[in-house]
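Two complexes are shown next, each including chain A; its partner changes from chain B in the first to chain C in the second.
Take a look at the complex of A and B:
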């Protein structure tokens, strides 16, 4: 449950949505993407309604939303990122597959390409999900808790990848739970607890008075 | 064996059971990976009142007519269960169990009604309870093969988006895939395979034809496309073997025999399948 959310996020920045458990962080991004019903309000992307710009947005759901015992390989999952380009009937061509290989190389997934996803560590699972989103070639990346259950080296690799995507002009919005890594890695923060408590640069948002409101 | 297959009844039962097994094995893979194997049970049980109603209305025992009735009540039961879960916040297991037993009860009532009023004529209908393939004739096999081909074609045409949807519904919706349309296509294909299945396995046992081959195949496969193929092969093989044995060796009903063979396959796969459930130690 969320109310009175009036939020305008900057482009080409790495934005964190933080707040205590149950604050509605996931609900906010899911409502914006029409994945859960909204009582009221609307979300616009680049001043356009969602249905006109779906292909420019890539969503990375929470890891536990899928069945990791599903019989697919890492490469199969990454290939699913082609879905918006292929629609229902087209088959991937050489150019598409090249993009898939590039992204997998960049995230160090090539050696795992044929591995069933049931045999992945938490970090490998998140890299697979990020690769699927990157294959879409979307300008806006929305990720729900991508750092949950991730080891240190993977976290660094994910942040480095996201920051270089931002430097190429992508916008990235991340539902995040770890306040400690916010200041160092993000450009913009939204502090949420059922409503927006504060939004702005990490140094202006993560001050004691705000944090007491959210977590106190 | 060649001689025996020359026998019309044996040939029909073997071919019919192989078609049913293969079809249910293929479509059942989707139900299995979506953890919806109970869907087969609901549609199966709900097919019984459909068979009875179709007979009451048309006064015909034409398999195509009975299958149409079975398919319609199967879809209706599924729709009711899904709506009960979505809008009455009923737990899925509860919804499935209630709809399943209610529709089966209605079916049994209708059958006994038919038995009292159309005594001489109804002899063929109770074979839909536990399945008896011995009475299959060629036109029926052609009907079953036709419906089965339709269901398989739907599955193959939409294979890639259906796999994406089954693996990750949230992601699929976020990419703008027509999720409701794809779900409906999959349900129609599943219901069709159940409806084909009941003429051999009966409404009570058909669920196992959907669940067992995929459960066995999962132990041998790491990719979904292979799982579908292996599951279909397991189903067809068990169907053909069960059909052949039931029509040559003693007078046993076909459905239960196929199910027992499938259960054997599942046990063998669980014990010796190469895919282990615990994660391997892997470098990250």
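Take a look at the complex of A and C:
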């Protein structure tokens, strides 16, 4: 449950949505993407409703929402990133497949290409899903807790990849739980606890008075 | 073709169709939908009986498909409220529809003979005798004319939309945000399920239809992590079970009384139970 959310996020920045458990972080992004019903209000992307800009947005949900027992390989999942662009009947061409290979190479997924997703570690799972999102080629990337259950080296790889995407002009919004990594890695922070407590640069948001309000 | 030849054709058509549709159904974790649909078709069949004024396979088929679609629609509608989980919503919808069917039959059609054996296990040995006729020409059993096109439809649908079906089962939120068409395609699968349950109703009965939908994939999944292999395995296991069951049934017919031919069709069920039991043991051991 969230109240009175009035939020405007900047483009081409790495934004973190932080707050205590149950603050409504996931709900906020899911409501914006029409995945949970809104009692009131609207969400607009580049001043347009979601249905007009779907192809420009990539969403990576929380790990628990994915069926990791499904019998597909890592490469199958990354290839799924092409589906929104290809539509129902077109098949991927050489250019598409080259993009898939590039992204997999960059995230170190090539050795895992044929591995069933049921045999992946937490870090490998997140790399696979980031790869799928990158293959989508979307301008806005929204990820829900991508660092949950991820090892140190993977976390560094993910941050480096996200930062280079940002430098190429992509906007990235991440639901995050680890305050310690926020200041170092993000450009913009939204502090949330059922309503927006503060929003702005990490140094202006993560001050004692705000944190006491949120985590009390 | 002889009537036993037609029986083999009908059984194999049923096995392939059910295991194909069931494969995607089980992977989507919607196995319970098969159970629900097989129950809730009853009011549809009674409705068709009431409208057409007699028992006729094609009108029963249409009625049953309507009831199946109603079940799925109501379930979808309920999941929009507090009952977020599909199986919980199904648990409300199908007993209600089934009881409507039972009450309707027992109040209005007390005189109609309903054979429990026929419903649970089907009457495949009689199926060849209900022929599709145009004028005086007989075109073969009605069951074959239902199951054949359905198999073509199901294969085409699953092949064409495989990508979307996988995507929607694997990660429904991604499907909703980035590929809304994939969610609709998932609903199409449920419609195929309704068709498959109703078409195999006459051939193998409700219980075996559910078994054929679910068990081959559940067993196959224990052997492979590859979707392509799993599809072939499911179809193979279903045909093996169906064929072996028939073989045993025909074999027993020689020694046992011919009049009991119908009930001897239950060996497919035993065979599947054995498969399932060994499968479960494997999982426990692993």
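A few notes on this one:
What we mean here is this: the second predicted complex is superposed on the first by the 216 of 216 C-alpha atoms of A that agree within 3 Å, B and C clash if a C-alpha of one lies under 4 Å from a C-alpha of the other, contacts with A are read in each partner's own complex, and residues count from 1 in each chain.
We take it that a contact is a pair of C-beta atoms (placed from the backbone, for glycine too) under 8 Å apart; a residue touches a chain by one contact, two chains touch by 3 or more.
Predicted, not measured: the structure shown is a model, and the values here were computed from it.
Aligning the two structures on chain A places chain B and chain C in clashing positions. Within the superposed three-chain arrangement, the count of touched residues of chain A is higher for B, of the candidates chain B and chain C. Once the two complexes are overlaid on the shared chain, A:153 sits against chain B while remaining clear of chain C.
Once the two complexes are laid over each other on the shared chain, residue contacts for A:121 go to chain B alone; chain C is not touched. By the touch criterion stated above, A:77 is placed in contact with chain B and with chain C alike.
Residues 30, 33-35, 54-55, 57-61, 65-67, 70-72, 76-77, 80, 83-84, 88-89, 116, 118-119, 132, 136 of chain A touch chain B in one complex and chain C in the other. By the touch rule above, chain C contacts chain A in their complex via residues 27, 29, 80, 160-161, 163-164, 166-167, 169-174, 176-182, 221, 224-227, 230. Listing the residues of chain A that touch chain C in their complex gives 30, 33-35, 37, 54-55, 57-61, 65-67, 70-72, 76-77, 80, 83-84, 87-89, 116, 118-119, 132, 136. In the complex of the two chains, the chain A residues touching chain B come out as 30, 33-35, 51, 54-55, 57-61, 65-67, 69-73, 76-77, 80, 83-84, 86, 88-89, 91, 114-116, 118-121, 123-124, 132, 136, 151, 153-154.
Residue ranges of chain B in contact with chain A, taken from their complex: 33, 35, 157-158, 160-161, 163-164, 166-168, 170-178, 218, 221-224, 226-227, 275, 277, 279-280, 282, 284.
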